[in-house]
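Order as written gives the chain letters A, B, C, D and E; numbering starts at 1 within each chain.
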């Protein structure tokens, strides 16, 4: 059996890795997206004056930030089945990452919400905008612009955190790397290639954010 | 209505595997392939005609707990039958021999020629695997024989890292089933060597289901399929294809594990 | 001028915790009138103005806008309950507000700022809202900046947009809280000009200001507040020329001195 | 209960190892991140570009890949680290990228006017750095630093793959040998939670000690 | 009064890229003199003031402090090179600055803020520095807040600390950039009072301000700038009463109108 040279070998890993990258992108993308919406909700709960809302929210954030993602994913995967509900791995992974990211994003977005001058909200009230109109038309666009750099970091972190979703049977980029390394017995090469794929993904995100920031800055 | 009936009615069986265990199951060209996959296909064609199988790929540590939690119906992977596992789970008939060999580095072939030469050396295997238990037994044997015993037994999450550590010299030996070692030797020629002696008693790989009334019929159906494959020579053919050798396996029952 | 006051305050009180900031304010504002509130810092001017709009919930007395009680409904045994946001919005509809810090929404263009209340709160069609917004901007001389973003404007221009935003909803009463005090001295004039021209057009206004000269010239009535109470009120000539209370005289002294300096 | 008592000592040892690994990694990373930041502040364009590339590479790739490169790649160059050593070194390189970004944010948060005031009163650049910039930037960055330390603790779980017997590895071990996973996972969660919450608590206490942070500005 | 000007500007120019912000400024400030710079927004007042301190590097002309050239050394062929930080610090030693936004260091107590320049830049012993700092705080009536942190103080109090910080280094010349314009109207008076008392004690000052009345009362000389040039300068009575240039007349008009209103 002849061994192709390093370069050809690495090139050969690419198609499978890209397949995995697609899954990673999906899980992380949807995770961040849902996490954003849930993060807004969580922030509302956190800043509620009613302790029945704010206290559970605080506990939630503390638990999520205090435990490994791996454990959170396992809970999302195994808990429903213990209760008799079948949740496919991909869905469980997406839900798990959303719930995880929501906790972090609630903190990031919280900083953004806090930075919006009170007066702007009051202006919305005097002009009779409803609460949800104020949230979506006045606050959220600004919060997005204000916290974009931190949100991008969070997105990058979720992409990387998603590397553990393989434990619940999602064939993500990292899992493809593991599979390749076990059929080729060359972990160093394969993981270096996988690292490059992650780098490409995260750079893509940074680039997109940079473009957004540019747009916003033109105002 | 038991599990077998449900599977037949739903035309789908969900099985789990760890596709990092060549040549039993691993990924090539984006698909899980290997000895188990081929064998399952043959067994299902006979036992469960028309049923499709859905395969989940999980890390080894997730397999038995996942089965217990009813995340899937069966484990179709090379699981070594040991005493503790057999007491908790239902194993099928053996699908391959799991007798353990010792992998060393090619450049240490001069100094390590037999298991007895492992005194003072570092050896590794997968966490919670029978191979780890075999290493522990070896350690005990070496010490009883008056030797220093193994210097350390390192436990890995998966075998790939153990092979890599052996290659970089952090390990001196890896305990692994002979069935797995053949293909490894073929794809990284000149890097590794296999000791001629095996360690531990003869043991077997089998598939696993839950040990409850619900699963009993399913296990029986699978066993019938495996027995047929054994008798009509299909199994030998597949073994030649994947391991490069064939082995004689008991047809009627899984022998009582000795470990 | 109708005889029904457009805004009526009766014994309005407001406390922040222990601190009783408003201690019973009475005020009638007739259609077309311009009332300015003056007084030392902390006397409750801003609080009073914010109550007129229910931006702050008052907790004693009553505020009526065009004959409707603002913010509360009176139940059977005379106990009152707070209205829903929607009901409050309905009563506050004829009132618009201009803020000291402008409070424009920085992520919207000038035109969008002015059109947003029309589209979102009044559910006007987008085209019509834009047309109206543009007309309001025209009115304050800011139509040429319709596409700009607030951050690009000078303070005076921002405040003119703030006024346009208030104008666009076609209010019957405008509340202005120190509309010029966040501006560089150079820019005060341009905003005061706009307010003066609104006054000439007959807009009803209640304004808090520290600019005595401006208050004197523009208002029909000046209200001097101190410690949460109205101490003196009357036409500007009377109040500035012959203040009856020593407290008002003392308050006006530095200003009188400064204006006669050069 | 019986199970709990049996497992507790093993988990205590493992948690201690997790703490040691992540503290050592974070301490080195903190120092490295600070150095990177200093280069970026004072080293001109080439340094700034170099630091930027470093941050991009280390922040953009999973820690697992970096650990593999240190653990399996360095031996190719003749440097063979033990698994815990490799973990600490990788954590240090990895977190240095994050820490340097945090320092950057801290410095960016200092109002220009304050630096100008220091100039106007003739302070030397060292006095300015030590007495005006550093205390304020650190105070600003304190919560971010704590956050990052928490992330490092959690990231150290990856070391289980190269046989470091820390919390995650210990849990896997126990599960693989007992097939009971409720109690081990409960202890795992409790372990990480305790570690991270104590970091958060310490940071909070530290923030309370800083007098000028006590007032909402 | 000595005849050597403590500050001398000759044809000072400064550009930001294409934009020539100062176009040749001449100015002599004698010991004990109080000079105010007035002019419309963007006329270069702040830039001029910052150049006098080399917070901004000027790029044409010369600035002399007590006879020493600020910021540059003249080499052999008349080409000038920029001085080191240390050399600049030496020349700027007699000058202190008070900022519009106060620029106190928020992580230091009031006392530490005032003492820091003495300890860090003048290398004074800590005890002595504290004593001096306390004396300066006494001077502006802020000694009772010595242990407080800036964030706890009102704007007027912060600015008084800013002035104390400048006083503590015993400057021979103080530069003040709109020292009251970041303050609420109510607080302006307390800071102006402090500045007035410094003036009575004979402190030399150059101040940018928008408060014409204050400028008129306090200064020996008023300099009107526009478009990077000095348009007119002279004693306040002359400048405010009988401005020669139409531009200055136009600039002063709104203020004159406002002050004569009631």
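Note that in this section contacts are C-beta pairs under 8 Å (C-beta built on N, C-alpha and C of every residue); 3 or more make two chains touch, one makes a residue touch a chain.
Since the structure is predicted, the reported quantities are computational estimates derived from the model, not experimental observations.
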Touching both subunit C and subunit D (chains): A, E
Chains touching both subunit C and subunit E: none
Longest centre-to-centre distance from subunit E, chain (CA-based): B
B-D compared against A-D, more contacting pairs: A-D
Most distant chain from subunit C by Cα centroid: B
Separation of mean Cα positions, subunit C and subunit B [Å, integer]: 81
CA centroid of subunit A to CA centroid of subunit E, Å: 52
Centroid spacing, where centroids are CA-atom means, of subunit A and subunit C in whole angstrom: 46
Geometric centre distance via CA averages, subunit B-subunit A, whole Å: 36
Residue numbers of subunit D (touch at least two other chains): 72, 76
Contacts with two or more other chains, residues of subunit A listed in rising order: 187-188
Touch relationships between chains, expressed as pairs: A-B, A-C, A-D, B-D, C-E, D-E
Complex interface listing, subunit C residues touching subunit A: 53, 55, 85-86, 89, 92-93, 95-97, 99, 101, 103-107, 116-117, 120-122, 149, 151-152, 165, 169
Subunit C partner contacts - residues on subunit E that touch it in the complex: 40-41, 181, 184-186, 189, 210-213, 216-217, 236, 240-241, 254-262
Subunit A to subunit B touching residues, read off their complex: 1, 15-16, 19, 77-78, 81-82, 89, 166-169, 171, 175-176, 178-188
Interfacial residue positions of subunit D with respect to subunit E in the complex: 111, 113-114, 116-125, 127, 131-132, 135-136, 139, 210-212, 215-217
Subunit A residues within the subunit C interface of the complex: 117, 119-120, 122-131, 133, 137-138, 141-142, 145, 219
